[in-house]
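Quick notes on the structure that follows.
Residue numbering begins at 1 within each chain, and the chains themselves are lettered A, B and C in the order written.
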């Protein structure tokens, strides 16, 4: 079953998101929507505001303004009005986040990393949470590491644990913030394989990435951001082979070495 | 050598008093430190400022002046304290101020990604503190807090100035009887150094264990 | 107004003099101590480390008494001022040596190797590459140490040096008003430490601005 791309069927919707750091506009009026099951990659030169935009989607950064919706949960941020914690929570609960630097909890075992939030946020019993954690760890190929501390895991293993930790809360959409940037290419490949599998299972995913191969082969759509704004969006092959915007062209020729 | 051992014997009861003072003040200072560290982030500005004043004055005054203030000053306000309680109050204030700084900076030393990961997982602030931030901050804070304990023990020598019968008082009394000040104060120095060196070796070992899997 | 304020304030000079002189001695003696403690030769390194550890493990008050009351027995007689300045200076050298050591390891091998690769002589490497960077790295910590030395200088009052705290003690005995007296003394110490605290904070933020990458 392919992604459902009928008009009005948007499952995740961000509109008019603007974020400023002092005088610098990091994200400029970005509007983006994903259908259920769709995988969208955001690419662009570094400093383009890709990560900041992604962090605005789950409100780790509070945008200056903008509207966010996941399924039937929505939140509108107006200038000068900071949303309250209890308005943010329902939206975050539908979003799983994977960070560039994994951000596993170093004082907890791999298993506890995956089960903690299930108990505290979803109210699952410890046994229930740990059973679910084990099956997720098995899925990312790390059941054998359940009792280890993150410090004893390689970067690639840590990132796969981080994916399992996010999945454990049954998110509607997964957000990936440059998940392989901190990893060696061969180790990054294990992580990309897990993400590819996840995409194949129909997970809705929004991925900020520098991995052009992943963007081209796995995503349904590519969004190009430059200087905080979306300059181009479309099917991967079309964007990669025949970009319409000059900034996309120069960016692609730089990263692909053409 | 024989005389040296007898010197140490004379200082023994003083050592007991010193350990008592250090132990009691530390227990109270850690509690005070935690309370102050939390109050500095309080919502009300007056509470915040009050906590900061207690901390800054506690750290800014020589302990000797704090002790005089309590032992010789408070009687003016009608509050008479014996040497031991006076010393405990003074030590708690001074050491508590340092402890609060250690605790505060330890909490700030937890990488920001940890706070973000907790938020992204939807943990409520209370759970983020209890399950994620405080355990990591505690790991950072424990070695400096233990070093503070060693420092507290060394500082007990100051309680001599408000007539508490700790090691220095015993040494001084002994010296004034035998006129062998050098020997007695060397004995006192050895006693302090022995406790401090053994304690800091223990702290170092503990620190290594703490960092085992981080 | 408290009529003895002027008399107490006259002690500022003494307190500052002890602090500055002891700091200067410590800053100088600390250099060879730090270098020796990082030497490749065990016979140089171990004694240096032992000296640092022993100086730091014995409380300053004990050192003061040992020198002031003890050393005359072996014919070394120093007045109260000389005792205070020399003793605090020597113990400071151990603390400052530790600060220098921390600075060395903070700089890392990269700078040293890079300057070696450029073909600079050992002296030039030390003089033009290491020393300026080291000075910047350690100066905030040294300012912090200066504040604690300012407070330690109050200990000199116990061997009869007529500085701030000593004058406070006299006035409180004369007037019987220990509370006002030591509040005044305390405020003076806080005011004295302000410029140092300001320096340490300013140097710190300037360094951060200058040396932060990205």
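The definition used in the following text is that a residue touches a chain if its C-beta (ideal position, glycine included) is under 8 Å from a C-beta of that chain, and two chains touch if they have at least 3 such contacts.
Composition by chain, UniProt nomenclature: A = Amino acid ABC transporter ATP-binding protein; B, C = Amino acid ABC transporter permease.
None of the values given here were measured: they were computed from a predicted structure.
Looking at contacts between chains, the pair that accounts for the most C-beta pairs is B-C. Legend note: the chain whose CA centroid lies nearest the centroid of all displayed protein CA atoms is B. With centres taken as mean Cα positions, subunit B sits 47 Å from subunit A.
The centroid of the Cα atoms in subunit B and the matching centroid in subunit C are 20 Å apart.
Centres computed as Cα averages put subunit A at a distance of 52 Å from subunit C.
Shared interface positions of subunit B, defined as residues touching 2 or more other chains, are absent. The touching residues of subunit A, counted against subunit B in their complex, run 58, 60, 85, 89, 92-93, 95-97, 99, 101, 103-107, 116-117, 120-121, 149, 151-152, 165-166, 169. Listed in rising order, the residues of subunit B touching subunit A in the complex are 111, 113-114, 116-117, 119-125, 127, 131-132, 135-136, 139, 213-214.
Note for the complex: subunit C touches subunit B at residues 53-54, 56-59, 61-63, 65-66, 69-74, 151-155, 157-158, 165, 168-169, 172, 176-183, 185-186, 189-190, 193.
Chain contact summary for the complex, subunit B toward subunit C: residues 56-57, 60-66, 68-69, 71-77, 154-155, 157-158, 160-161, 168, 171-172, 175, 180-183, 185-186, 188-189, 192-193, 196-197, 200.
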